[in-house]
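The same chain A turns up in both complexes below, where it pairs with chain B and then with chain C.
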Partner chain A sequence: MPKFAPKQSELKKEFEEKPSLLKGDYPDKELFDTPVEFRDGNWCYPAKPEIVEDIGFANPRKWSPTDEDWKLPDGWEKTIKDGMKDRLERFRSFKLFLDICVRCGACADKCHFFLGTGDPKNMPVARAELIRSVYRNDFPLAEKILKGFSGARKLTPEVIKEWHMYFHQCTECRRCSVFCPFGIDTAEITMMGRELLHLIGVNNNWILEPVSNCNRTGNHLGIEPHTFVQNIESLAEDIEDLTGVTVNPTFNRKGAEILFITPSGDVFAEPGVYTMMGYMMLFEHIGLDYTISTYASEGGNFGFFTSNEMAKKLNAKMYHEAERLGVKWLLGGECGHMWRVVHQYMDTMNGPADFLEQPVSPLTGTTFTNAASTKMVHIVEFTADLIRHGKLKLDPKRNDHLRTTFHDSCNIARGMGMLEEPRYVLNNVCNTFHEMPENTIREQTFCCGSGSGINTEEYMDIRLRGGFPRANAVRHVKEKHDVDSLVTICAIDRATLPALMNYWNPGVSVYGLHELVGNALVMEGENKRTEDMREDPMAGFQDEVEDED
Partner chain B sequence: MNKEYIRLIHKNRPLVLERWRQSVLAFFPQRMHSGTPLAEALSDVLAEILDALDESSERVGETVNRVSRILAVQNFPPSKAMSLFFELQAILREIAPGKVKQIHWDEFRTDMEQLTLQAFDSYMVHREKIYQLKVEESKRQTFMMSRRAKA
Partner chain C sequence: MKKAVMPLIMVVLLAFVPYVAVQFAGLGFLFGVIIPYVAIVVFIGGFIYRVVDWARSPVPFRIPTTCGQEKSLDWIKPNRLESPSNFWEATGRVLSEVLFFRSLFRNTKAELHNGPKLAYGSSKWLWLAGLAFHWSMLVVVLRHYRFFIAKVPGFVQLLEDVDGFLDITLPALYVTDVILLAAVTFLVIRRFQDVKVRLISLPADYFPLFMILAIALVGVLMRYIVKVDVMSVKDLMVNLVHFNLALPEGIGALFYVHLFLVCVLAMYFPFSKLMHMGGIFMSPTRNLANNSREKRHVNPWNPDSKFRTYAEYEDEFREKMKKANLPVEKK
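What follows is the complex of A and B.
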């Protein structure tokens, strides 16, 4: 049973005190009778027809969620039902999760979207019910088993609209699963819901455009190899300007020991680029034999937000490239969903990667047994191991201008169980670190509110609502400990938390963990450091310079 | 000096606050459940507003700002959000003893209208801010591209 699942007595108490579906506080009828209303700020732009065509997905057309008629393809009901039947057979988890929920309600108030919107359809149990109610209607045996629960309903265009709305108000964060006595993972139901929607062309451009770009050029933004190289070289120049140290990243170099892959946001977006600078400084510092690929130039995998097949296809390029370059193993940058895919799916999707070696740190000799099968190591584990073996020269005082807290990204914390390593690294590179409240971190972390491909600007209102529980926890440490820096290890966090902070907690900036590592690294032959990666003054170091003057 | 309506509010503070809280939670299409972080934040700020009524206008402004920040991203129309202080008037009239003089009610109404206008300004500032966030976010996404263009 999951660690945080309530005990029977607690469940009883929860059930008596809190509103629940089972008690009829949100009767199904009333729940599903509330019509969905799409208005500005609560829907994402649908995918452009040429993009849908490009990746061979269904029903390319111009449409909008605000249209009355969504131009669903002929026979769409059958497509959905067949699609559901197929997935019920292929994915045991899907069938199990639909069948075993007892609607105890323990998950109800655990979802950040429910907590931030108050909309009962955002209770995980209700979200699953969106599909379960159709399943019950169309699969007679299931109905027999679930007899006693009301709410079987027919598949209508209204149902599809509801699915579209509420499967995009789930960031697949899995917080609910931590509290479910049966371990039901509503994220997996959302994944299935989205897969089914794609079968009839109900989609989101912010997800499909990166998928199509990635499919074609290897990264989300569609950056071509020469530009990709230019960007990284330009960041290397920044490092030289700042520290006087020359770093020499190599590209597509055959025979390198390690292939390094990071989300492309680190190569083109602010503040991700500072994290990229941190990686490069670290690799220079330890003399790592690594290369970067301009083809497998994306760690992220938006295919994961569409279908298993697309996730598999986009993931495969990592292995293909590793094989082509003849590296020994893969090192991966700070990302969230990339690690969910690597940790939970890569091995069975595209593995085993027998042509690679079990990863061993060339500096410490540590064997990463946890990556024995995927052959891919998380950079935070790698760095934590370096620090543990005293291989890094660090001056945490160089981050004294920052008062930090740490946001566990869902996929790293809940998806792969990495809780201590980032804290260990953070504590070694800075002097002021305060945890947010217990029920908002580690396994219980609150999502940024923008994960799973909904981090588009037209969706800002929903994102600010869904991100409220996280922002509220940051506010707590801001008020209590004057925290002004939110450290993360996920590219989507780095992209989206600045807006969330700016709205709810102005004055709090967002950093990548390896940006702070880069600040703290004492590099051989460096100039006197007075500024951090962003050219902000480091506390206490400016004075020294002035004194010397 | 304390205004009469403020004295009345403070005298009946728990009741006023609870009813005000309930009526604001009912703004949400599906009535916000009171245990959520959002409901808690709202309750806190409503209490702060009540406490700030006889403090400096700066302090009142701060609390009005905080409540507007919350209201400006919710799934209900601005007209509803801005009825916040009308609700407070109705609540106090309901629970106050009948013999309060008209002059005090007039004063109350004027002050509440003033706060509503202030809240409206702040609400608009926050809506503007959301648009600004979108622009800033797009800029951050194309950071390297624009850097190259400028170089």
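What follows is the complex of A and C.
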């Protein structure tokens, strides 16, 4: 059991016995009368001063959320208020969403953090009220006359503590926005809240350290170029050991047709590395002319979890490198928030990428008109197109040892709308795929509970609660259909769901979609395969002949 | 409960003011002419101000919440309404929200059972009551058009005929009156009943509900029970429309209560959550097409950012890169 995880029996008891708003018990205190309490497992370590300094953020210092005094800089109230005013002028979303909520409560029980903690302030509408209450007080209309009428309150250090706590108990997943009759997206409020907090140095090391790393070395993990290459080469060796096929990834190669960028987690951490192997096998199989960059070696963007300016700065490397290498277009790996940025922000922030060409699949001739301007294609779109055109030789029986279900990652589902492609691919590479209940998939998917830069060990308590709705849906198909494999297309999912599954649903393993593609791929000149990429035995392949279809 | 008391008292006081003022102080002109003019100016001016104020803040990023399949490969069927790929589809999406509260239709209720186990049940009451409330309010408002114009237009007549089809009282009972009152009552009760909603409710949430309830009740009272002189009311309204400041005699004081509450609500409107009426059209998660990879969306304040260039990167790692046989720009 991870150190900061609650004891399971206690958590279960809490769910079942403790009165909660979710179960219909009215709390004895009004919303803002409950003080915040930082205890083990519900706060992330603050950013180290040298890291804050390195990326040029405000107020580097040693502090902890459990301290009474957070050492906020002089005049911090004014900084926040000015920062708010500035953002109200720059983001219509922020202004509008603060103004038009009718507090109908449709969003209230849609947030995984509310469902997992029962904490009233985790209702999306309440989360927004944390800022709205200050907004009302400082941008006075009726409130000055009618005190309390519309819930205004003063900006105090307590409010900042509350913001810090609850803007890190929001993974910017946008599920609330699906249900709100006005489309109010609490993720937008959270993003603004976090930007404001950074102005006064209230932060999270798990986000800022990757940001600093990514800036310097090109990837979140801070891997320098030679190590990056070594790691991928060792994955190539694993592929050779497993299949007998040699794959030859190239690095920083000018003149390649395609630059492939994926989250660095795929290169370095289990189980992401198996997904990486899947990509490489696929590219080898189809003879793709691609290269990987050690400079733009990060698909993800933790900058997105701090401020739009930082997101832009880190994202800029993708086009910069594509231009330097002279590739035609970009192909991106499986990741959630990476694709939120690529799909909805990249072109706006760092485009137009006139030096690239409209992406065309070199194998099928399909023009990706939906990426005409950004010039970046999602690997799952790319693979779905290959399968549709019969360009891949696949044997789905090779995944018969897995009984799968599919987890839509929030950003892909609600910030991009790619719902069918992964299912199409999955259905072509495996034979047993069972959907989770309909209120927990597609646009209604539940977050893994650890997105938006909170997937750190010391935050385990909150993560396991936040991930509870997702885990619960998995348990449903586990019990009903014996599902044992949770397939995802997101690097953060691959990093966080294993812990969640271990806790709530032991026996369920987490896979990347392209890992299953790699398993199913019948490659030219391969050895007889009896094991999958994890060296787990495939079912029924001990003395079977290759099956052609 | 506490949070509902203050708005309740406010509404009751607001209802008494014109009654006393007209009945006992003869302030009919103030409440029949001056305040209505002020109200209409504040309402229209305030509404425009708020909308323009929102419009002044740009939409830097294209952030539709996609609630359906995007348009991608041509053999995959896109969901044109929930993941619109062009302006017209996005318009359709907004209209589906405005006319039918489409997102609210999705509403579910989460329940935590022992196990622990979460279950999600369908929950369409809010959608139904919300829709009934707004639509009947719209019909009621449109029906009022008859008071402002000498010759009653055909569509108003039609509306009245259809609305009054039950014909069970004298004058004919309007179905919308019943629906409106029932729906608002439901919405009020819901605010108390659903603990989540009760917790987030502010006095500012009860106030408009009570106001609308009060306006509707007084209206019903005037129409079916304590009759007021409808012809004089019509004279007054037609006069106001023509900037004729004469106040007809003999309108019952109850009418001034009705009118004053409407005026207060109208003046309150632009400065409150009621502005959701304008906001719903401008919500960037709903009114934008999900085509940001196909067409570049421009951010008017796109900041200059100094990122770490490849050259700087190579300068730091050149020797290591060379050792790893990575190509470098500068030898």
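As a convention for this text, the second predicted complex is superposed on the first by the 504 of 549 C-alpha atoms of A that agree within 3 Å, B and C clash if a C-alpha of one lies under 4 Å from a C-alpha of the other, contacts with A are read in each partner's own complex, and residues count from 1 in each chain.
Everything below uses one rule, namely that a residue touches a chain if its C-beta (ideal position, glycine included) is under 8 Å from a C-beta of that chain, and two chains touch if they have at least 3 such contacts.
Since the structure is predicted, the reported quantities are computational estimates derived from the model, not experimental observations.
When the two complexes are overlaid on their common chain A, residue A:469 makes contact with chain B and with chain C alike. In the superposed model, A:503 lies in contact with chain B only, and not with chain C. In the superposition on chain A, contact of A:230 is made with both chain B and chain C. Once the two complexes are overlaid on the shared chain, A:100 sits against chain C while remaining clear of chain B. After overlaying the two complexes on the shared chain, residue contacts for A:109 are found with chain B and with chain C alike. Once the two complexes are laid over each other on the shared chain, residue contacts for A:54 go to neither chain B nor chain C. In the superposed model, A:117 makes contact with chain B only, not with chain C. Legend: residue contacts after superposition of the two complexes on their common chain; A:34 is shown touching chain B, with no touch to chain C.
Touch counts on chain A: comparing chain C and chain B, the chain ahead is C.
On chain A, the surface touched by chain B in one complex and the surface touched by chain C in the other have residues 109, 115, 118, 120, 230, 468-469, 472 in common. Considering their complex, residues 12, 15-16, 20-27, 30-31, 88-96, 99-106, 108-110, 115, 118, 120, 123, 125-126, 129, 141-142, 146, 148-151, 174, 177-185, 188, 215-218, 224-226, 229-230, 251-254, 294-295, 308-309, 312-314, 316-317, 320-321, 324, 342-345, 347-349, 351-352, 366, 368-374, 376, 381, 384-385, 388, 413-421, 424, 437, 439-440, 443-444, 468-469, 472-473 of chain A touch chain C. Touching chain A in their complex are the following residues of chain C: 6-7, 50, 53-63, 65-73, 75-77, 79, 82-83, 85, 97, 101, 103-104, 106-110, 112, 114, 116-118, 120, 126, 130, 194-205, 207, 271-273, 275-276, 279-280, 282-286, 290-299, 301-303, 305-310, 313-314, 316-317, 320-321, 323-327.
Every residue of chain A that touches chain B in the complex is listed here, in rising order: 18-19, 34, 42, 109, 114-120, 221, 230-231, 234, 265, 267-271, 273, 457-458, 460-461, 464-465, 468-469, 472, 495-496, 498-499, 502-504. Against chain A, in their complex, chain B makes its touches with residues 25, 28-33, 35-39, 41, 69, 73-75, 126, 129-130, 133-134, 136-145, 147-148.
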